[in-house]
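Take a look at the structure below.
Labels run A, B and C following the written order; every chain starts at residue 1.
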């Protein structure tokens, strides 16, 4: 059996067995919840702290719910988002929190690599869980996306998945690609305007597309990324309507995908920019299933790193 | 027996039996607390979320205490009050929260009708409780005001109650009027400057007054509303001192009311604007009893909508 | 036995027996934690409210952890730090919170004396705990500093302790001096630029120094205070480097102290202003032990004022 994780900062280089163990546990927690088990006590007496240097009410809430449903106490350490804590100041904060005997720190930070720096500087047995760092990794999102696909299409070695949008700056895309690659998804296609695409070297096993119609052709799942509006300036398109025309998911494009193609989005969605409202709300949309799976995946991760 | 409530968005059209059941339960919880029962576990495993689009530390804290004293977990979803979430964006937030398996959402929003919109768009069994929407309703305030009066004067069919101040823009006044009318209070008198009075059509069974001395004459309870300072511009009075002279409650005016007239205010009070300090702190003031009853009423409401 | 405390607003005038009881209890809680007891239920059903009018994530978190580890519920009353609540407005807030049946209020306020004003105006059995008021008192910091010294050097009647920095404006220094004096520390030396020193009359039993080299000579513990950058203007030094040269703790100065001299700081530290990084992180630093002791001391205080 692969060793128990003490931290989760990225899915890169994680063994397939570890990822599958986390997904299996998330699935078991989902089943238990469906049968009425709303709260466990496996983490009773443990304290988890949310250390968010970027605001994200949704992700913070998902982690908070996950921790509480396992019986842990949760502290929201309101750091003030104007603070750009880094270097010694950040490590002093870490050591202060460790001295208070916390069990896990869930960190979001705009600088890529911050969670790993915390792991390197930690002096106690505290666990660090990455809730998103810069454009580098958002591992629980990668896990929940893999779980959502697996619930509908466990035949990963037959699947083609498209990720469309601002992949270059997306930690969601990177963690998705790491999860899907490790789990043996047959083909991963990346699509977006050239300035928002990763280099060819970063993911040599993925196919790159500029034409979304070509990318989605026959796909089994399509993950639409949120367009940060400040990115519009960097691409050669006049406005959001033009972006939607080229890279938005509407019913016409969805019809080019395989029958039953899963429609996914990490949220919050920009209706009419990256996805048409009737597709976001349509029968093939798995967006809300992703949100539900997010809580179960985070429970699985907390249980993995904290259970005695 | 009237059916169990699944949501509470307004007191309008609620059967008298339902309102009385909620008041009776609040009273029972108050008795239990007085006998030392500080915490129950009837809502253990349930999660309640505060979704406040307008800041209100007092009301949020009252709901949080109520939920915790029933054993529920409470999540404060810090939405950022600059956000004026509405329409699809609001419903996406609702559906995201539902997907996380929340049991109840306590919502405050500046737009009248938002809680009912949430009820209409909810896709799961989540309960919606209105903590104040625009100038339309603040049902738990209506209940706690009714409870406070009932504790002193259960003979509702003998009572005259005055509400004084900015009634036109007051959700407190509306929910009070709905509660008092349904419970059979004999006479409801409304008093305030003309631009701050409701239309004659809105509450045809209430008596309208411009002269507070006349309105308070022989009254059994008087509810003073908080004056939002930005309303001063809309009324024909030079300053707050003039407002107090016309519509403020002082000892001289209180002496015109019936002996033992209850003095009430939803808080926070503006001393010297709508109420004299010695009246707010005087022997007839029920203002702090209202606050205490607020927690018990909210426990009763949460218990009603969430108990299995 | 000295009577049980109902409030803790200052250490001044507390009997030595009371302070020692609190330190002994903190020590016992620390031992229990070291042996695996992470959570107790002695305060189950009790509710503690953080009422912070000045931001302090660290201290608030320390109190929140302390309360939860005793089984209490914790409410963070987010008052908004722009509010400078005082006088009647503050007492209305107090009475509102009391009406909600809270058991303890932990208050931080920029005005000296606010916690005592709350005690005087409280109408219920609520306990008030001072988490720092103006430049007057920070009693749990005084206790945790005394505990930290006692763990290493219980021979108080042999000890010389130096406090260095902006003593005039420091509630930490005042509570330290009160604790150390009552507990019989042999000699307390105060050092800092003249405009930041207290009057000679305030602490006649302490020795005053301008020369840090002289002050630290043979000392058994040295407590460095955080320099608020806005104080630089009031002292006759050109910049922070000059401050560090005169009043900063570096290895050269530390070598003048007694062997094994304890290095302490209430945090957060300004590296290179009041303390050299290699001293802050060095073998003699007790800064993180102070943080850990802070939680145990706050548990002891909550237990003292709230246990039935």
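Assume contacts are C-beta pairs under 8 Å (C-beta built on N, C-alpha and C of every residue); 3 or more make two chains touch, one makes a residue touch a chain.
These figures come from a predicted structure and were not determined experimentally.
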Pairwise touch network: line, ring, star, complete, or other: complete
Superposition of chain A upon chain C: rotation angle, C-alpha, nearest 5 degrees: 120
Same vs different contact residues, chain A with chain B, by half of numbers used: different
Length of the line joining the C-alpha centres of chain A and chain B, rounded to whole Å: 41
Touching two or more other chains - residues of chain A: none
Residue ranges of chain A touching chain B (in the complex, touch as defined): 33, 38-39, 55, 57-58, 61-62, 64-65, 68, 267-269, 271, 277, 288-289, 291-292, 294-295
Chain A-touching residues of chain B, taken from the complex the two chains share: 44-47, 49, 73, 75, 77-80, 88-89, 92-93, 95-101
